[in-house]
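Let me begin by presenting the structure, written as structure tokens, before commenting on it.
Labels run A, B, C, D, E and F following the written order; every chain starts at residue 1.
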């Protein structure tokens, strides 16, 4: 039987990814031995791999596809096919950014001021390339985690570090000099695997359902009853991600109106719908939106 | 841009409140510095405030609106506008009650028996007022938490303490002499803020959606297919919070019947619906019921 | 007022059971004293009882009904009425099995090889019966938990132990010689209680709703819009657990199609539905499917 | 090489026992696989065994010696050699007692009142013997833990349960009818092993050092300087577990007095020593007292 | 029998206090019911009381003696006898200080700048007295914990709060305007109890042993062998908290020198002792130094 | 004032190191901001640095001295002065070893078999050097943690990984082909700092006291009384790390004998001492042995 070898990112994205697969229709189970993961699909074999190493294993074909950050694909310079961007994260909706950071009171104001300096980062190759493209000579050293602490304690002049809101940096009296890269999770595939028809179809299936589950995260179903007189007025303000479903109610001139909308607009929309005569408004959760 | 300053109760109600706002459409995020809370609405600024102090800050206008217990509004004697009662709580559905408590074997049987005695409580002002209105002279001392322990260990004769079921009191061999106050969460606003049209509309929007989310908590959607013959019999027993939505099914004399009902009656209703011929009965969850 | 005395299994199944009752419509609350459980139905009194002892208490009428494993009912040899099988468990969907286990390198290959040996197990009576029916003489000793350790450390030759996937056994270099019993949770009732009309109706009500909640666990609602042209093609591949609900859309030749399907087929079905022209496909969660 | 097979009680006594062995001079290490324990003495092999099962394994020679409670030795009716009583426990210094317990308001006042009743206990054989010796007919059933709950919830009339202070029983409104057995940890040996000279010496060595460590637990060293004039007065009140060590101080008529005393008398002794002229009194901790 | 009623501070000092009593010779045990504490001295009855309320209960005679902070004694204005200062704390050796705190960028520089302002604090009475003695009019409001947050979030202009190192304040961008009070734990007694000879002797006994245990915390025993030639040189640098104990060694011209010194000087002293010829230097821990 | 910049290893050795410094006489405190550590010696400034990066910072003079593993010093190829080996670790007394590991059933038996293969390790430079010295060509890739998992899951053929007992490797069905390096903690200094007289003396002071505390870990004091007749016999078997201290007892022909011995021999020695007539044998703990 054909099997697709799928890499799941170990570490900070692990639980969010397993949760996403669950909502997409695949249960990935923790088995008794710590390195294996069982999945309820005989055509899929899941392996936990560090996000930093994922693209290397996909490139060499040890894995057919994997989920990992754009940052680590670039760092490894891996030649893989990016099938799809997947925008999800642990806590916030903000994209993660790799930024050049110095102490609040550092004289360094622009990238040029770093000429001849030493920088610590986990993203060594990417950072070297970034500065060499801008013809600035710097010395980039690999940092084993706790990178922020190195600037805070004065062990070095600058670091390249990942952040979402930047608020931890500010609280630690650090300053962002420049943003070098925005990153997000990507679904990548090995080129050869992607050319294989069976594997490609399987990858596309997973990709479609992951997208469906991700889209549902920010959406809800809204259902309400509207009289024939008010129907037009209500329809005017309903956003149309998918066209609303309108059905006649039995033996009456009322309609049942149902639509799928972004959760973010609900709080603005509901007061307006109520003013325009919609009654019995309910909101219900969704699992997937294709 | 206009901003509404909202007080969120710190402590035991904090998580339940943040969860309620989330279901209502506002995400309140824990940021890296412990005293701030970010919310995904630029028109709202959230501040964590102890429930005990909330009404004082709303009264003096430091906050435009806040959520806190009726008990602490009374204790502070704050002159604020009560916009809405919000019945929700950490664990149970029972209202919290402030009760006068003595040891099981105490000779005190009525409020009168407390004449000249010393009472410990966190609700000093309210308790003083309560007894003075009944012309009973007592000495009320402020208790720094662990109030129950003071009667249990014989450090005092009586306390005024909050309880839900009273079962902890009974387990500690304490006896309730009288209930002084039932309390629940209230949404309060500063008088001046409530007169400002923009602020008032914003407060009303939040109030509407909080109510919608709270109402959905105890309700579910029920959907079933019913033949033309059975429709009347089924409709007779369907509760009508909002009128059921009835739709003809395609090329048949069956109907799809859908309604919103209290979760509490579902367990009684489903066996009856089945007996009256409803088929394909499903129950689905709701986020909001307006 | 009539009251049904219900036994809830204490221990590993406790939380899953309380969660199942909640989804079925009964809230079982942890009260302040550890042995009691309050339930929001005055006609029901819940008692926490060890799964091992449940059937004994149901048999002697101390409880009217209870939930427990088939294995312990057999072990106790209790004469009770099995009302219904309830297939749910803590972690996996695999049935729990009681198996005879030896060390990987043990010479024991068949049950016969155990003639005259000593076996440790928590299921003493069942195991004695099992071997005596097969006319194999063995000495069965009660094991106080940690049964696996006894074979691992060489304290005995064989054990009878419960397992789901067998992977922990393999990881500990143990080998399954034979499966003795598959078990699952059962809803049992006292014979006399089941003859009482009021108690029987109450038991059946609980049974119906537990089943409804269990069935909903693996199912979802699927809704989509389909044009008149594509309707037949789409209907062909829709599984029909309950007949799909098809409704005309207002002033158009499109239809709204809604159905309840097993969560397991969704990941296969959605790509096909999309190919056959279904649009606006959404999946939503269910609480109960009757 | 000769090896002594030693059983360490698994469960509530496990950590206290490992700690005691450590203070006695043997480090028992948790290894990566959960059922084995490594000890830094090639002549000893440690096995974790439930206290309830220990004496059975020592009796049949699977283990040479073990530590377990007197209660479980009696329950199993094991024929083993009791080498030594070891008085130590998890929390308190009170001996554990197995008591017959009923509800506070039960009519049962004496053992005789139990005639014909059903009793739940984990100590089935011991309890049966105890009542049969007193010619009282009762039905004793095995209880799978949570025994107290069975009386509290009215599932049975009486239990035989272990307690130290009895305060949990009182808090749960239970009443002790009679104490059946006082128990403590005992070091037991297999009869044959104890006849083997090498094994016996090894058992005696372990026994001696366990005792030394246990004795040191309640004792401290006390050292002080005393002038020649006060020496007699000070010596009068010094307890003499081992004779005090008195040494002349260099070029003076003062003495250094050092003694080992029970920690319990220190708080009474120090004020008196100070009054009688002892100066520079210090107390220091001990690891072992032989 | 006579009993001394002793108050133990509940909360942050609770564990440190129980630990101190243990080292002093009294074991205070956690019993099964949460408000009681048992102590292994029939002449003592321990009660857990909030530090804030301790002096009130000692003043009114509900307790004979108690341990609490000087700050809360002053806040309550209690008329009690201070028997002894006890310098110990949870984490550091620094005294706790109540300080007036404002935001880093506040215009408030001196106490005078607070004229007419509102201050939040848990130490209301003390703060009022402090400012009124300096003839500065301010409005002091009671703060229910989380006091720092109120300045950080701009809910008020200044607070009076307790701190040890001030580093948390600095990290939160707050500034100390003035220190109002240094505080430490004090052993206090009710005046009448202290006049009773039996109670007074018991209080003095506890006080002596608490002091002995506290002193031992920062001290160690140091023992070394020194030749006759080097004795004088070594003695010159030995600190003399209590006079060193010097003893002739058997059949040699060497001496054993033993002394009690502050742990803080050990790291400086040992290198010097080694240079002056001391050999076999060992350091050992102490339980008590009287 | 002069200050010595000391690097403390962050991570798995952090707590053990802080505990060791505490026993040596320096309290390193956790301050409120996570990257700083305060120490109670104004001449020392502590910085938390990952063990992997320590030697780089010591080499470039950012730190004067540091504690880290020999493995990481070799990996970084840092030119630093090794002042002292410090044998201590988190759990066991076994030295950590870097070993070449393959799957149990791999055909790889010797280093030569790795010719042309890919190896994953955290110790890239050291591993490259090791194989190149042996003229074996391999491809070494950096592994981001979870290295074992890579062989277990078949992502690569071999890894170089650190282990103590090797038991986890065996449990995961892995096999050690060869040991490449034994490692332990070392105290290293910057060459220039070590030439500075003040810094060197400070480094030597810290080194002396760390050694004293480490040595005391495995040693205890033993004290006993011996009669003149038995003295010679007892002295014969006393190990002599430092010469025993023998003192005449007052007005008797008994002697007090005191010695410092390895904790490991105590359990053998005490039974023998007892046989030779020593009485009142006590063992007490030590803080430091210089």
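Basically, contacts are C-beta pairs under 8 Å (C-beta built on N, C-alpha and C of every residue); 3 or more make two chains touch, one makes a residue touch a chain.
Note that the structure is a prediction, hence the values are computed from the model and not measured.
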Inset, instruction - Quick one: compare the interface residues of subunit E with those of subunit F and tell me same or different, with half as the dividing line. - result: different
Inset, instruction - Would you identify the chain whose Cα-based centre sits farthest away from the centre of subunit C? - result: E
Legend entry - Whole-Å gap between the CA centroids of subunit D and subunit E: 36
Legend entry - Interchain centroid distance [CA atoms averaged], subunit B/subunit E, Å: 43
Legend entry - Multi-chain contact residues (two or more partners), subunit E: 33, 247-248, 284-285
Legend entry - Chain contact topology (line, ring, star, complete or other): other
Legend entry - Residues on subunit A engaged by subunit F in the complex (per definition of touch): 10, 33-36, 47-50, 52-53, 56-57, 62, 141, 143-146, 148-149, 152-153, 155, 172
Legend entry - List of subunit E residues in touch with subunit F within their complex: 91-93, 165, 167-168, 171, 220, 225, 247-251, 256, 263-264, 266-267, 270-271, 274, 279-285
Legend entry - Contact set on subunit D toward subunit F in their complex: 24-26, 29, 31-33, 40-41, 204-205, 208-209, 212, 216, 221, 242-243, 245-248, 255, 258, 260, 284-290
